[in-house]
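Below are two complexes that have chain A in common, paired first with chain B and then with chain C.
Up next, the complex of A and B:
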């Protein structure tokens, strides 16, 4: 019916979008005007800060950043022409990122699922919630020194290697475990918010088909929040990549990746190394290397990595249309 | 829109033959014979109430059911029987306990932390509280007011109920005929068969609701509960779904909550009117609409309140 009508009726075009008369900015109250101005100033100010950072590294960093730096190993030479690039720190960053996320993602997701979907007894879930907040608020250097104290205990020797008086405590494994604590809050918060925003109807639909609670979580609820999980994990990865204190205290921040004798992969995981952040620190004027040019180059590269990650987070948010809890019925 | 649906609402399609231009005289018992003579293929358009009740078998019986949310009663001492082969419509103003009553039938009210209840709900003379909840809900399935497809493909939505009922997960190939059959019964198969791997969220609202029906009937439930399944849909989708309900009625007992009195009149064999948690009146659709026993029912149907 509707089709035949539209075929006969003349083509209806939308009118040009126009706005009616609106209240003038100058007629507002002084306080409203002030807040309005502040909103503009802070917004633009933030953009300026970011622009300044990017611009600094675009000029200063990329002057020194050459492709060969990315593919050559660093070496301890006073002559900067011979001190090599930062392949090892890049490897370290990638490894620590994978390791930290491999621990943080499941823990964060499982914790969020427990708090939102079960959360009984109440007092326990409240404790869990504030524990995550405490971890999120703890400075990473405190986490690092805690990790050092913990992993120097003799029983943790398999994670690094034995040294007189206990374990060495510094390795990819130990730093990976502690650095995961930096990423857990991001994963947890994103997942929890996604779970809370997932409509109760979706769960009920599954229960109404005779599914158990755990099957509902696994097959319906988790798929519904997979984008939130991905976003949280990517943000957490950014935190891991950007972390410095834990790397310096717990990874050893050695110039090159040092494997600990043993089986190939395990030896690498039990060994020490460095990441881009510790490389920047050590090459900065405050560090022992004192090669600011290298530091700027590595910093520019790290910034590029973080910008890429942020872009990735934005992309993840859009995969497969809007998330289920924002606009569920596309066709309706 | 199919012929059956249009006839069912006494609505005249442009190409309808002359005999259809009069509203169907529902009380005439020889109508079926007339229809058979004029248009044998349209026999489904006969008034449904004439034959359905005769073959109806009681499946679900409510005995003195009360449901409370905290200290507030939502359903008070309702006794009712629900029969296979007929559609029972629950009508009444908002907040009268229709949905609560519906959710009690497959124990979904148990998910509300402060809900408590008394009385018994018997499925084939077995107390539903003695049936494991997942098994009960497989036998007494439900379709909700808002279409709520899962965020997965069309195939997986329909296969969802069938999967994971046993320890061994069935293969896709084993599920395919069942999924196809469910989609066909829900009248959705022709529209989606080109790509069953498409996300269910990309379907239109009416298609999504039919998908939810396909999902609910895929595991061959004995009773289908529908909570205002058309209230979020446009008239065309509503017509398709009403048509579907009339077909499904043959194999299932259907309980439908609706705010739409015309809809109840069109599709229900029996109507139960609820008001403030009480079951005021229950009876054959024609009787309730044309000659209600209770004054409250009369006023509600006349639009005095609601």
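Up next, the complex of A and C:
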């Protein structure tokens, strides 16, 4: 193959082309050939696994996902035909996503800006950097159980159902605060990488025009890393809506959204509910619902959301022409 | 008041405000440690570290803890969570070993051998795999894989261990497979990034010396990124240890210690991990003894994730020196 290509366009040969093609594969030792084949098989195999997962949920979704499921509320019933749809879990997912991101995005961006642009004293910025790494490594069950202990304190009573004895601790507000922790590392890392890669000249040009440091950050640097922030936030949103443990422990995972009081928005935020992930968990044989068809339908819908978000991340990367700085291809 | 915030900020003030916000994260971590350890304190004070050992069946101990009174006796706190620790180490270890082999082969393929078109498709595919929520893997496990493995196990094999444990399909094999699929994309992403940051002349030099491209990759690139591989293993291990949902859905639901000497049956024996125990018993948090036991398990998880972060940091130090990867 290499020969035929070079015969067609010998003048276009970039130096990169010669990579890996200099020696014929057939002259390799048998063991090397085997390893080489293994690398190919693994690469293609990974793609097949993803294809299988998507196909599985696509067919199950095609079988069980009906439009009325998306618009009807769940109800407790033994029979799957009567247990309703998952409107409440969808609302829950949307609300938790908004709440979590509303906390994670500003906090992640501010932290990244401070660490990269100021970062003094040095030891403090080191501590903050490792704090983000620790948050990224903390299991979500531990975060959830910590949230439970924290928000059961009397002073946090306004955030959830409360009784004279203390607070209940489980509500959209409390779980939104805790669930933001799973998104902060994504936002922080994406923003930080963007800030580091932004050319110094951009900042210096702004200083030369007499702008202060913070004005430069607001008017010049942050707009330049807009795309990184959006990518990080979208990735973080995906982690939030995919999280299960925090929802089960801290949102109550009730079948229907339960408002705490009649107050329009506040009552809802202080109330408990469920999301698509906890709905799937509870309707699988491991939960109490045991309605596999409903679980499959909700799972197909959730995967669709994740696919859309993922597609969105790819799109964001391409808005408005080539980026100012080079982006990483796979970055976690 | 609002006007004061709106006016252009001085640099000094901006630095303080942003710094204070950034420190919130560090404060949050400290608060977390304090609260988790405080919740676990009764167990620590009654049991020292003996609860980490082996002390009868975990399931029956937890069952008994759910029914304790408000002022429990010291003996009520007795538990030996060694089966949970063993289950955690077993599932995470096997899953990471499997995922490491796959991720290494896949990243070598992506970076050095895949044709550009294949590479362009694989990047988003791996990113998608990393974004699939764990509850979907759990669902695949409990609705597809568990019935399948249950079908695989013969009645004879079930009878051979019936005196200690009932096999239902969920167990080591299913969980390890699902965990491996879950952590492979993370490892692949990290190893691919590291491989790409190896200066090209290094590998080309090796090829010029007569190594074939594969040998050159293995001898030069993979060797150069060893610290990054260890870092990726650390991160993946942290994920696997902390994963509660997949395990609680597909592990068979009994805190047994799978015995490798059982042969094939070992792969179908149920177990529990530390994280899955917390999720599974979350309803019992109002019982004081169980409450403190679960917080003790959470403290253990927190401690191990700290240690893994620290190890990954220490291992990556030499990389910074050579300016390979960040």
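Simple rule for what comes next: the second predicted complex is superposed on the first by the 286 of 332 C-alpha atoms of A that agree within 3 Å, B and C clash if a C-alpha of one lies under 4 Å from a C-alpha of the other, contacts with A are read in each partner's own complex, and residues count from 1 in each chain.
As a working rule, a contact is a pair of C-beta atoms (placed from the backbone, for glycine too) under 8 Å apart; a residue touches a chain by one contact, two chains touch by 3 or more.
Values in this document were obtained by computation on a predicted structure and should not be read as measured data.
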- Query: If chain A is used to align the two complexes, do chain B and chain C fit next to each other or clash?
  - Reply: fit
- Query: Should A:266 be classified as contacting the first partner (chain B), the second (chain C), both, or neither?
  - Reply: neither
- Message: Once chain A of both complexes is superposed, is A:308 in touch with chain B (first), chain C (second), both, or neither?
- Response: neither
- Message: Quick one: is A:76 in contact with chain B, with chain C, with both, or with neither? Answer first, second, both or neither.
- Response: neither
- Message: With both complexes overlaid on chain A, does A:205 touch chain B (first), chain C (second), both or neither?
- Response: first
- Query: In the superposed arrangement, which partner chain does A:39 touch: chain B (first), chain C (second), both, or neither?
  - Reply: second
- Message: Output check: A:155 vs chain B and chain C. Expected answer is one of first, second, both, neither. What do you get?
- Response: neither
- Between chain B and chain C, point out the one touching more chain A residues. C
- In the superposed arrangement, does A:215 touch chain B (first), chain C (second), both or neither? both
- Query: Smallest separation in Å between any Cα of chain B and any Cα of chain C in the superposed model?
  - Reply: 6
- On chain A, the residue positions that both chain B and chain C contact, one per complex: 212, 215, 328-332
- Task: Can you check the complex and tell me which residues of chain A touch chain C?
- Result: 19-23, 27-28, 32, 35-36, 38-40, 42-43, 45-47, 49-50, 53-54, 56-57, 107, 110-111, 113-115, 118, 120, 124-125, 127-128, 130-135, 137-143, 145-146, 148-150, 181, 184, 212-215, 217, 235, 238, 241-245, 248-249, 277, 280-281, 284-286, 292, 295-296, 299, 302-303, 306-307, 309-310, 313-314, 328-332
- Message: Going by the contact rule set out above, which residues of chain C touch chain A in the complex?
- Response: 8-11, 14-15, 18-19, 21-26, 28-29, 31-32, 35-36, 38-39, 102, 105-106, 108-110, 112-114, 118, 121-136, 138-140, 142-144, 181, 184, 186, 188-190, 192-193, 196, 204, 207, 212-215, 218, 235, 238, 241-245, 248-249, 253, 275, 278-279, 282, 285, 294-295, 298, 301-302, 305-306, 308-309, 313
- Message: Which stretch or stretches of chain A touch chain B in the complex?
- Response: 199, 201-202, 204-212, 215, 219-220, 223-224, 320-321, 324, 328-332
- Query: Where on chain B is chain A touching in the complex?
  - Reply: 106, 108, 111, 133-139, 141-142, 144, 146-148, 150-152, 160-161, 163-165, 199, 201-205, 207-208, 212, 215-216, 219, 225, 232
